[in-house]
Structures are given as C-alpha cells and as structure tokens.
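For clarity, chains are labelled A, B, C, D, E and F in written order, and residue numbers in each chain start from 1.
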Amino acid sequence: MEKLTHFNEEGRAQMVDVSGKPETVRTAIAQSSIEVNNTIYEHISQNKVKKGDVLAVAQVAGIMAAKKTWDIIPMCHPIPLKGINFSFEWQDGKADHKQLIISASVKTVGNTGVEMEALTAVSAAALTVYDMCKAIDKGMVIGPTFLIEKTGGVSSKDYRR
Amino acid sequence: MEKLTHFNEEGRAQMVDVSGKPETVRTAIAQSSIEVNNTIYEHISQNKVKKGDVLAVAQVAGIMAAKKTWDIIPMCHPIPLKGINFSFEWQDGKADHKQLIISASVKTVGNTGVEMEALTAVSAAALTVYDMCKAIDKGMVIGPTFLIEKTGGVSSKDYRR
Amino acid sequence: MEKLTHFNEEGRAQMVDVSGKPETVRTAIAQSSIEVNNTIYEHISQNKVKKGDVLAVAQVAGIMAAKKTWDIIPMCHPIPLKGINFSFEWQDGKADHKQLIISASVKTVGNTGVEMEALTAVSAAALTVYDMCKAIDKGMVIGPTFLIEKTGGVSSKDYRR
Amino acid sequence: MEKLTHFNEEGRAQMVDVSGKPETVRTAIAQSSIEVNNTIYEHISQNKVKKGDVLAVAQVAGIMAAKKTWDIIPMCHPIPLKGINFSFEWQDGKADHKQLIISASVKTVGNTGVEMEALTAVSAAALTVYDMCKAIDKGMVIGPTFLIEKTGGVSSKDYRR
Amino acid sequence: MEKLTHFNEEGRAQMVDVSGKPETVRTAIAQSSIEVNNTIYEHISQNKVKKGDVLAVAQVAGIMAAKKTWDIIPMCHPIPLKGINFSFEWQDGKADHKQLIISASVKTVGNTGVEMEALTAVSAAALTVYDMCKAIDKGMVIGPTFLIEKTGGVSSKDYRR
Amino acid sequence: MEKLTHFNEEGRAQMVDVSGKPETVRTAIAQSSIEVNNTIYEHISQNKVKKGDVLAVAQVAGIMAAKKTWDIIPMCHPIPLKGINFSFEWQDGKADHKQLIISASVKTVGNTGVEMEALTAVSAAALTVYDMCKAIDKGMVIGPTFLIEKTGGVSSKDYRR
C-alpha cells in the first residue's frame, strides 16, 4: 500500500524532500463551480453592473491565491509559478439556477507539481463569487472541486480524469 | 431586484462601507467535504501513521486560513475573529469511497458577518486533506461547500439552510 | 518644534501607543496618477481588450494593498478598515500622453487615521497599471502621490489640501 | 500595435506564461522621491533623533516590500530576488522644501524582469518616510516614480531612461 | 488540573472563543537575548558600519513580526495592536562574549492578552541580529526567551516573573 | 576583520547580492527548546487531550514559519525550500520541570544557506507550544536556540557545532 509521504518516521507531518526530483515543466488544470440562482446569474452574466465584472474580481482573487498556496496549505512547497490562466463557462443547473464552471490552468518549472495551486486558484475564485453575490442569496453552493489533468514529473504517470 | 453591494457607482468593485452597521456577536457555520477512496480512508481514520493525524494538520490549515480570509477574498473586510472550531465526520460515499464531512464554526463581534471566514476555513481544510493524500490517489473530489447557518446582524434575518 | 512620534527615548523606531486616542470615524482620501502614452491610453480606456479591464485589476490591487498597509509600512498600526472606494479619471498629459488620475477613499472606526491606507491603495493601483501595460512602454511615470483630505480624530484638525 | 500580454483570449487578466523565456541575470533600477518641508528635512538629515534613522526604517520597508511585490501586484510572477540595494540623496525642492531622492536596484536570475520589484521598493520606502513624518506635516508629496534602467532578457532591448 | 483551552471536545486544536472576555487594556513585556563574540559586539555597538545600525533593523523586524503573530502562531487571535516598544542593553557574557538583552513591550485594547505578540517580537529581533552577523560567526546563541510581565484581563491575576 | 555583509557602502542595510554564488544543495539543522512544568509535560506527552497533539500543531507552525522566513527576517533572501523535517525529544529539566528539545532540518537547492529558515522554524514551534500551554503556566522558558549544523556552499566550510 502506498505511503502517505507527508509524514516522517515519528509519524508527524513534514514537508517532504523534493530536491532529488527533476526540474521539469509541470502543469495542472483544476475545476470548481458555483451554483447560483437566476437573479445572480443575470447580474453577473449580463454585466448589468456597468463596467463591473464579478468574474474579473474572482479571477484576480484566484491568481493571487494560487501564488500563496504554499502559505495556505501547510505541507505545500513554495513554487515559482510561471503562468496562470482562468476560464469561465455557464451551464444550466437545477431549476431556476445556473452553474458557473471555473477552471484554472497553472504552469511551473520545478521539482514538484502544481495540482494544489490549481485547486486553490479555483477555490478562491468560487469563494469570491460567493462573497460578491451573497447579499442577494446565501444559498449558493460551491463545488465539486477536482483535478482535471496534470502533466510533468517522472515518478508519476500523467494524470487525466 | 437587490443590488450587488460590492460595486460602486462607476460599476467597479469596492469594499463596501460597513461602519454604520452595528457591532454585534456574529457566527457562521459552513460545511465542505472530500470524497476519498478506502485506502486513504483507512490511512486517515485508523491513524496508521503513528501519532500522525491528517485531520490535525487540516484543522490547523483551516483555522489559519480563516484568519487570512480578508487577504484571499478581495472585497472581504478584515475582521477580528474571536473563535474558530472544527468538526469532522465520516459518511459512506459512492462504492469503495468514504466522504469526510468538514464543518467549521466561526465567531466574531463586529460590523459584518463571518460567512466567508467559515467557508474559507472548510475549503482550506479540504484542500489540505487533498494535498496530504494525493500521493495515493489524485481522484479525490472536494465539496459541495456551502453555508449552513449564520446568526447576528440586524439588516438580514438569520440564515439557516 | 513638533516631535517625530515614531521614535522612542533611545531614538529608535517604535509603533506609537494610540490606545489613549478616542475611537472615532476616520476617513482619508489620497490621489496618485500615472502618465501613459496614447497607445496605452487607447488600450485601457476603449476596453479594446474584450471584457478585459486594466482598471478593474488595478482597483482590486489597491483595495487588497490597503488592507495590508500595516504589513508594508513598518510603524503603521493594524486597523480594521470599514470601507474602501476608488475612482479613476483621465486628463490630458504632456504631448501624446494622457494622465490617469487615481483616487481612493478609505474609512475606519478606530484610534488612528487611515492616511497611509489611502496612500498605499493608490500607489498599488498605479503600480498595477504600470505592470499591466509595461509590455507596450516602460516610460510611464507614476505620481505625484499625496493626501487630499482626512477627517476624524480630535488631536489634529481636519486636513484638506 | 503591441498587445497587452496580461490578458487572455477571453479578455480577462492572466499571469502570462514565462516558462519559455530564458533564465538570465536581470536587474532594474527605479527612482521615487518625497518632497518635505525644512523642519522634516532637518529632523531626518541631521539625525536629531538620537540613533534614530528614518531612512533606515524606510530602507527596511523597501527591501521587505520588494520581496512581496508578487503579493501586491496581481499579475506579477513570484521571483526569487538575489539582491536589493538602496540609496538616498537630498536635493533642493520648491521654496523651503527639500526633495529626498530614493533609488533602489534589484537583481534576480530568472525568466522575467524585476522592474515591478524596484518600483515597489521605492514606493514603499517613500510611503514609510511619509508615515514617520506625517505628525509634523501631512503636505508631503511622493513621486514622480519611474524606471531608470533595466538589463537582462532577450526579447526586449535593455531599457535606459 | 487546569485544562488546555486550545483543544475542543474532540481533542483537536481550536482557536478558543474569547468573545465573552472583557475588552480591557492589556500589556505584555517579554525578553530574549543573543550571545555574540567580541568581534560582532564591536561591529554592532560601536556603529562601525557608518550610519548602519543592526539594532535598527532588528527592531523593525520585531515590530513587524509582532503585528503578524496571529499568522505565525496557529491558535493566536488576530489582535489590533495599539503600541510596541523595544529596548536593548548589553551585558557581559561568557569569556570573550557579550549578551545583548532584547525586551519588547506590547499594548492592546482587546479580549485577550498580548503575551505571544511580545514573545514573537523579541524572537524575531534576535533572529534578525543572528542573520545580520552570521557572516562573522555562526555560533551565536539566542535566548532564553520568556515573559517578564503581563497586565490586564480579569480571569487571570497579573503576572510578573 | 570580517565585514558585515548586510550593509552597503552608505552603511545602510541591504539584501546582499548572492547571484554569483553557486546553486548547490544546502541544509541546516537548528535546535530550540522549551522548559515546562510537570503538569504541562503530562498534558502534552501523555496525549491526555484525546487525539489532540500540541506537538502536531507546533510542527505545522514551524514548517509554515520556515516558509515565510524571508517575510519575517528583513535581509533574508526568498528561498524555494525543498524539504523540512522536525523532531521532538523530552529531557529532564530543573526540579519538577521537563525540557522539550525541538530540532528542525531544512533543505534547499540555491545560492544561499538555510540557517535562518531552520532557526525560524524551531523558534515558531517553541512559541506555539508556549501559546497552547500558557493557560496552565506562563513561566515557561524558551531556548537556548542555536544552529547545530549546516552543509553546502563553497565560500564557507561546513559548520558543525
């Protein structure tokens, strides 16, 4: 059975040594979503708020959060991110609701992958949408949040959901 | 139709003025979850890793993230949190999987609510579980994440899902 | 002659004790600007970049920087900001250039003023405009940056430039 | 016409992918200034405050701010800075005023330049001088702030103002 | 036997609820020290480095660290600090060594004490002295570090070592 | 006599240029300790607090603090840490007291050493133990804190205490 690599011999958490892993280009794409009612959907998507753009703020939040993933997730390594990109898409949700699909792609050149950075990015973006719209309805639901794809690294085969 | 209060007259984002709202005790409870396969479940729940405790790390992560919600969510006010508490519970998931239910309760005395702090806390805790177990399986799914309950404040009636 | 209140008896820097000052509503408005050439002006102002909005990003940057003023300016007190608002205005600059006037208004209820928060907010917004447009021209000039107005507090009369 | 590289195909902000750019030594020098009245000038320059040193605090602030430029400017890449150095110089200003010229030089070995780090460093230093002297006079004016020189990188010729 | 208040009913860490404790003026004084050899002592104390001042940098570090104690110590509450002051004193150490005594006094008005802020302040200051002098000798020893005095709060009698 | 490399020609602090130093594997091990009374010792060591684990929280705190050493110690370079590991050991202290020995080992591949990261890690862990146990006794004493060993780098021979 595989080991949880985040624990040392005393069974306590550690930040695992990745210095022996090769520096390669590594990418990860993660997805989250938030289900909102139609009122919120119209506000956001039709840009009723003149020049205002909920998604623009959410995206900035996601990019900035990705950069501090190492400060939010205790055992994550600090990684010099080389690029982050977001995309948004609306889908139908349950009755009178829409689902905003949020995906982020993150790239680095380093010893360890950027799955956590991509997952943190979409989570922060979804939380920001919630924050900016909660005056209208607090019943929004975030997620599911998951990894879509990762590339790079030699010890693990590339992952694709 | 309600307004999105996060936008100013030019339609740009702002951090809304809450100085006129009363300072009251305010609480919020949020919930997230993460679905893991049975191998991961056994590692975490049976504490096979001697003294190690994935949930202990996740909880510290959640508490620390709650305190910096204002630095992650752009339009959130900095709020002096007075208390944060977590609880974890295992439920059956889909075939060969378990669902870890994560809930956090946050309290403040202030001009504005702590919904975002509670939602950020459970999100960070779930991401931390993902990070610590991803060497075993990257197919874990986080969420749904949502607000369970909020109390305090006068302009909005208390919310209970 | 007035004393520099930031130095203690040994002549070293300190964070001065403000616990004896009254908690009042305090506001500050600061202004900065950035001079850009016409190419950059057109990109930004005509929103040629579909849905993109340099000013939206600059504004988020300014609001987030205001919240961490205490972490950027060593002797600043941490202050629970209650509201932040931005406005932007274009003016003619020198030949073939435009001046983007950036102003931010910050509000708190506390023992000490928010001048530094307002000045930090506009500075970060101007730096962000520079960053997002520097691929076109690195000759942009930021400033002058100054305080326009402050209100609140009893020991100092209100300031208006 | 050049493109604003900070926007993706949907027209939203992104942190551009720099992983294909070469790792080279890169430097940048930026300048800011602050105009102060003679009273403030004397306090600072004559070190009347025994052992106290406004410029020492400003310099520490500038160095620390440079290191967190990526956390202040949303689309900036995190860059492992290799060295930062400051210098200060007094010049005559308008009647009864002096101009403190602040310049900072920043160096890295990386995929992208350090202009923003140098500009952020001098901005934070100028704001710190303002903060430490504002008890005497709030009429100080910061800037102009601009890039003096950058070296390194292949896609852009070296820049010198 | 007293309880460890930082653990909840499940035995996991929590940030304890202090909202029921009274808002009072609270102070704490902590002390640390660093033992350095005579070469380092002369460099620091005689200010051989023209205008340079190791203690000035250490003090800024200590003040800034005190403000982010809540971000360093997981279960600490964010507290709006009202004032921080440092003092330094040289004492004889073991043969050919001097002891730099570092003390910091911290003040707030709040629901909980500032012991951790004072202890963090002196620790960061001592670490900074180490960092700035380690090119000369890496054998410096930091500490002991302890609380000297605390005042304020009703549930615990004032503490004085 | 060796120079203090942290000061520039004007005698002010700088972050020294390390871009000419080779990128090598570098490690450092530091030690701190905290002396606690027997009541606290029993609470911590016998894990009376069901599932609770003071050392687990202290260790997470230490790892997270190591990652932000550059943000706590002003002249420290930001370094991409590759691994961090902790160990704890109890020793007899003075009458009715026990000494908790805390050591941390840190590894990077970079231009400069990780002594400060290791020293910061053990300091934060010791402060966290203090914080979590101070409700029982505020007389705990932290330290001595010192460097045990460093390896890597060519300009200085390896250090071993």
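Basically, a residue touches a chain if its C-beta (ideal position, glycine included) is under 8 Å from a C-beta of that chain, and two chains touch if they have at least 3 such contacts.
Nothing here was measured: the structure is a model prediction, and the numbers come from that model.
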item: Distance-maximising chain from subunit C - centres being C-alpha averages; value: F
item: Distance-maximising chain from subunit D - centres being C-alpha averages; value: B
item: Centre-of-Cα separation between subunit F and subunit D, whole angstrom; value: 31
item: Distance from subunit B to subunit A - Cα centre to Cα centre, in angstrom; value: 15
item: Residue numbers of subunit A (touch at least two other chains); value: 10, 12-13, 51-52, 56-57, 60-61, 64, 68, 74-75, 78, 80
item: Interchain contacts (touch definition) - all pairs; value: A-B, A-C, A-D, A-F, B-C, B-E, B-F, C-D, C-E, D-E, D-F, E-F
item: Contact set on subunit C toward subunit E in their complex; value: 8, 10, 12-19, 70-71, 74-75, 77-80, 110-111
item: Residues of subunit A defined as touching subunit B within the complex; value: 1-7, 10-13, 32, 39, 43, 49-52, 54, 57, 60-61, 64-65, 68, 72-76, 115-116, 119-120, 123-124, 126-128, 130-136, 138-147, 150, 159, 161
item: Residues on subunit F engaged by subunit A in the complex (per definition of touch); value: 25, 55-56, 59-60, 63-64, 67-68, 78, 80-88, 107-109
item: Residue ranges of subunit F touching subunit B (in the complex, touch as defined); value: 51-53, 56-57, 60-61, 64
